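Both of the next two complexes hold chain A, though its partner changes from chain B to chain C.
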Partner chain A sequence: MPEPGPPLQAGPLQLGLTVPAQAEFLGVVRLAVAGLCHRLDVPPDRGEDLKMAVDEACSYCIQTLPALERIAIRFEMAPDRLCVRILPQPPQGPLVSSEQPPPLGLVLMEALIDAVEWLENPAGLRLTVNLPGVP
Partner chain B sequence: MDPWRDRDHVRELLRDYARTRDPQTKAELAALHLNLVRYLAGKFAGRGESLDDLVQVGSLGLVKALDRYDPERGNEFTTYATPTIVGEIKRHFRDKGWAMKIPRRLQELNQSVNRTSERMSSELGRAPTAQEIAERLEVAADEVLQAQELGRAYNMVSLNSEMDGEDEGKPASLLDYLGQEDLNLERVEDRLALRRAFASLPPREQHLMFLRYFENRSQSDIARILDISQMHVSRLQQRSLERMKQALAEADPDRELPL
Partner chain C sequence: MDIKVNTRSVLDKAHVVEVQGEIDVYTSPRVKEMINELIEQGRFNLIIDLEGVRYIDSTGLGVLIGALKKVREHEGRILLICTNPQIKKIFNITGLVKIFEIYKDEEEALKALA
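Entry: the complex of A and B
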């Protein structure tokens, strides 16, 4: 079996993907996350966790945000981490209420990856997995 | 009882258990939260472990969470228990060396997908969709697509990777097997274009050009043969070249003229 080509070097690189806010398109998002993690040599279990977290975040947006048309997903690769920003389109108000307990899907998300940040302007989420091998 | 419809009762039980550590209350709480474990285990079901095993492992996490939960802190139990249950499930995968198994599993699935795709193509008379392959293999369509995509990446071959060459001791690469552009092919095109341009000239100019460029005769020779002055030969030659250039340019405006 020939050896696979070298993985992409994780570096300051950005990729974007915008999908209609429909559950049918979440498979496209999951594949994009899986493909990118594979090419960046992210350990497979970490890649799977990120894929699940992104899926949960997008599902949450689809289920809860009114007038949501599309979801923009931005991948930002730094040498030591991979961040995924999930930005509802058109831009929405606050995504979570501090008075209500967080939905279970979001708790799951926080249990899966290294950091979940709620962005305010524009409203969205930033999910981060740290990449191994970097001191 | 549905814990989601009677949260006050569950909170009461949780407070009781924190105070008394009564095994029966614990068992009741565990039963009430089994749906949470099933929900979370189901999220990991596509990773090659049976759902029953994952529910069992997740239940251990639930029991740990019940023992550690402090209702006085004000967190919802589900919020507190989820990371513990997920952590237990993830530890289970880690202990089984799952991270090492994923590429192998995807490669195996990739091979199954290829075989099934070939078989179904013969059956259906067209290429099957990812959904059809997924149904035949009893996996999710996402998994089929991922296996196709990632499995393909594992089979990527560098053009410079060494192959078994025909000559012993002389390594060959795929690059060596690729053909090169045959320059004679372009000359064939040039000759055809030139022939058409040549045909566009009047007979006397064709004769002149033939003498000049095919027989390599001098302008004075040609002047003698055609019984015209050398100056006239020069003008005719120039005019013929211009006509041929124009004919070539009209035939293929993008072509770089050789003349």
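Entry: the complex of A and C
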């Protein structure tokens, strides 16, 4: 399977998961996020928020990208945050249109977590949850 | 991933739709189908019990919003039963808490219908 993008920056923990771009695999993605958050002692409410944000991002890709085959999900844990990159496979063009209002799922995603970045090369999203207790 | 949807009539006042599982892009068509069947049968007062729902995404919210629009065309109501804090939080964030009636149990929902 091809590497979905440039390597992640060095960090204490990196994990990857690639799933077929089919709605029935969203449950697997949610389980993976929940399991990782539990393992990393992410506060439960923050973990639930991230789980939903990742699910919404993947759902958005599945529903809007017709040539989508797989979704690569890359987790990067830093001491003060957990970042998740969502990378459609094969790489797609721009994922969002500024001419149309964002769907409810994207609004939710942006409300639930600390940062949503739309990546251009390769196209994707980076979701970040800041972890408490770190200055 | 599973979803279970059961429906039953209560005191001839309303129909209860009990949903168990996770409502997402994959499972929401099943929930939509069951609710739409009831509406097509002329059941316009629905109590949707989300107590068994562990997760709901924007697609699931869309199903509920669509159902609410349909029953309101017939002066019907949709009452939700939900105590899960995470799900209630989603209703708050989206502002849906202002358009849905949300109760803690069936008894309270039935009282509201009386």
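Just so it is clear, the second predicted complex is superposed on the first by the 124 of 135 C-alpha atoms of A that agree within 3 Å, B and C clash if a C-alpha of one lies under 4 Å from a C-alpha of the other, contacts with A are read in each partner's own complex, and residues count from 1 in each chain.
Heads up, the rule we're going with is that a contact is a pair of C-beta atoms (placed from the backbone, for glycine too) under 8 Å apart; a residue touches a chain by one contact, two chains touch by 3 or more.
All values reported here derive from a predicted model rather than from experimental measurement.
K.L.:
After the chain A overlay, clash or fit between chain B and chain C?
P.N.:
clash
K.L.:
After superposition on the shared chain, which partner residues are touched by A:E24: those of chain B (first), chain C (second), both, or neither?
P.N.:
second
K.L.:
Which partner does A:L119 reach: the first (chain B), the second (chain C), both, or neither?
P.N.:
A:L119 contacts neither chain B nor chain C.
K.L.:
Given the touch rule stated above, what does A:P43 touch, chain B (first), chain C (second), both, or neither?
P.N.:
first
K.L.:
Among the partners chain B and chain C, which is in contact with a greater number of residues of chain A?
P.N.:
Touching more of chain A: B.
K.L.:
Applying the touch criterion given at the start, work out whether A:A111 contacts chain B, chain C, both or neither, answering first, second, both or neither.
P.N.:
Both partners, chain B and chain C.
K.L.:
Quick one: is A:I62 in contact with chain B, with chain C, with both, or with neither? Answer first, second, both or neither.
P.N.:
Touch status of A:I62: second partner only.
K.L.:
After the superposition on A, what does A:P102 contact: first (chain B), second (chain C), both or neither?
P.N.:
It touches chain B, and chain C stays clear.
K.L.:
Given the touch rule stated above, what does A:G35 touch, chain B (first), chain C (second), both, or neither?
P.N.:
first
K.L.:
Which region of chain B runs into chain C, 4-12, 40-48, 148-156 or 184-192, after the two models are superposed?
P.N.:
With chain A aligned, chain B clashes with chain C through residues 40-48.
K.L.:
Could you pull out which residues of chain A sit against chain B in one structure and against chain C in the other?
P.N.:
Common to the two interfaces on chain A: residues 27, 30, 45, 48, 52, 104, 107-108, 111-112.
K.L.:
Once bound in the complex, which stretches of chain B touch chain A?
P.N.:
So the residues of chain B in touch with chain A come to 36, 39-40, 43, 47, 76, 78-79, 82-83, 86-87, 90, 93-94, 98-99, 102-103, 141-142, 145-146, 149-150, 153-158, 161.
K.L.:
Inside the complex, what are the residues of chain A that reach chain C?
P.N.:
23-24, 26-27, 30, 45, 48, 52, 55-56, 59, 62-63, 103-105, 107-108, 111-112
K.L.:
Note which residues of chain A are touching chain B in the complex, please.
P.N.:
1-5, 27, 30-31, 34-35, 38-39, 43-45, 48-49, 52, 101-102, 104, 107-108, 110-112
K.L.:
State the interface residues of chain C toward chain A in the complex, per the touch definition above.
P.N.:
Going through chain C, the ones touching chain A are 1, 22, 24-26, 55, 57-59, 61-62, 86, 90, 93-94.
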